[in-house]
Amino acid sequence: MPEMTQVVDSEVISAYATYVVIVVLKMMLMAPLTSYYRMKKKVFANLEDTKLAHPVEEPKFVRVDPDVERVRRCHQNDLENVVPFVLVGLLYSLTGPDAATAITYFRVFAASRLCHTVAYVLPLPQPSRALSWLTGLVVTCCMAYRVLLHNFRL
Amino acid sequence: MPEMTQVVDSEVISAYATYVVIVVLKMMLMAPLTSYYRMKKKVFANLEDTKLAHPVEEPKFVRVDPDVERVRRCHQNDLENVVPFVLVGLLYSLTGPDAATAITYFRVFAASRLCHTVAYVLPLPQPSRALSWLTGLVVTCCMAYRVLLHNFRL
Amino acid sequence: MPEMTQVVDSEVISAYATYVVIVVLKMMLMAPLTSYYRMKKKVFANLEDTKLAHPVEEPKFVRVDPDVERVRRCHQNDLENVVPFVLVGLLYSLTGPDAATAITYFRVFAASRLCHTVAYVLPLPQPSRALSWLTGLVVTCCMAYRVLLHNFRL
């Protein structure tokens, strides 16, 4: 029976770890960006948060703003796409893929998500956002396909 | 010290990988389904998206629709349940569970999420959706219980 | 080439598994809490759910309530923070960190999320929620930093 050390390519795992951290940090960056827009536009979701922007309690600050909602939708889209990439990517990395192919997948995915965020937040005209989203989706599906075909022998 | 090859059952890991890919792909399928409903009902979240449906910019298409929101809630529920299953399931698979039990857990969970999606999107009368959601939750909790009791010796 | 058994500290993996299960279960607990508030305040997102609260179909129960939305925002914040912690934490655990440091990270993160939930749901005055959120974020970033610097040799 082959050992874990033979099955797992350390180059693939290293690249996987690096790109996972990059896309997860990018995803987490959406939270401070949301806070920035909330502060800038004085738009809050909770009554207790309004005191951070203004010493006197201001219920009128508790409302919905298109710019804030845009950043939140971008964050949500990250959750819906980055998390599957990380989960499927881990299993994909354990299938012993060709290192060059794997690293290409990771890079294309990371680039597609950076483009998606820029296209969403600015925003750029469509279909820039749709295409960057689709690119990431295709990468995850390619990896998922290989995982389904693979017979794990750890 | 036992080796990884002795601790991890390759049958369990193979089943885990297969069912993870199935439920994650099912979860990701909700995004195209949302797009389909948005196109069909001409309901968009962003002004720049309305051009995809109509060459002339149509701010009136930027609105909320009950059918679109239903699919989005289903997607959100997947995120809230499938992701914990995958994360806890990985640790569970490393505890060296009985293969038949593990595969039963994975199958029941995958079936429960498929039922949940059908019950949510159609929709079917309650409590079909509540019961399918609960079934998945119980599976994840059973796996979490075993992880908590297990002393990892890798 | 070093073996998996030498690289991975079983104490770190055991602690990782325990704290992952704790924070994921806490996150999943937000769903029943949302249901509880929906039942208590008779506020539902779907028409078919209103029958669970009342035998006669009551469209007026399909509405938005501030208390229910508060719990849902807390759940969403968990998704946005707990999932990155679990994903980055797994890679961090494989970098062979000092066990005491790793366990401290896990404990601080778990405590910060418990505080965050209490601060959000009650709610406590700000900046209690902001600080507990920030604490968790800093822990995840510290772990991410180590993963980026680490050269994986499995």
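Going by the order they are written in, the chains are A, B and C; count residues from 1 in each one.
What we mean here is this: contacts are C-beta pairs under 8 Å (C-beta built on N, C-alpha and C of every residue); 3 or more make two chains touch, one makes a residue touch a chain.
Remember, it's a predicted structure, so these values are computed and weren't measured experimentally.
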| item | value |
| --- | --- |
| Chains contacting each of chain A and chain C, listed by label | B |
| Between chain A and its twin chain B, rotation from the CA superposition, multiple of 5 degrees | 120 |
| Homomeric contact chain B-chain C: same or different residue positions, threshold half | different |
| Interchain centroid distance [CA atoms averaged], chain B/chain C, Å | 17 |
| Junction residues of chain A - those touching two or more other chains | 3-4, 79, 83, 90 |
| Contact set on chain A toward chain C in their complex | 3-5, 8, 10, 13-14, 17-18, 20-21, 24-25, 27-28, 30-31, 45-46, 48-49, 51-52, 75, 79, 83, 86, 90 |
| Touch list for chain A against partner chain B, complex | 1, 3-4, 69-70, 73, 79-81, 83-84, 87-88, 90-91, 94, 123-127, 129-130, 133, 137, 140-141, 144, 147-148, 150-154 |
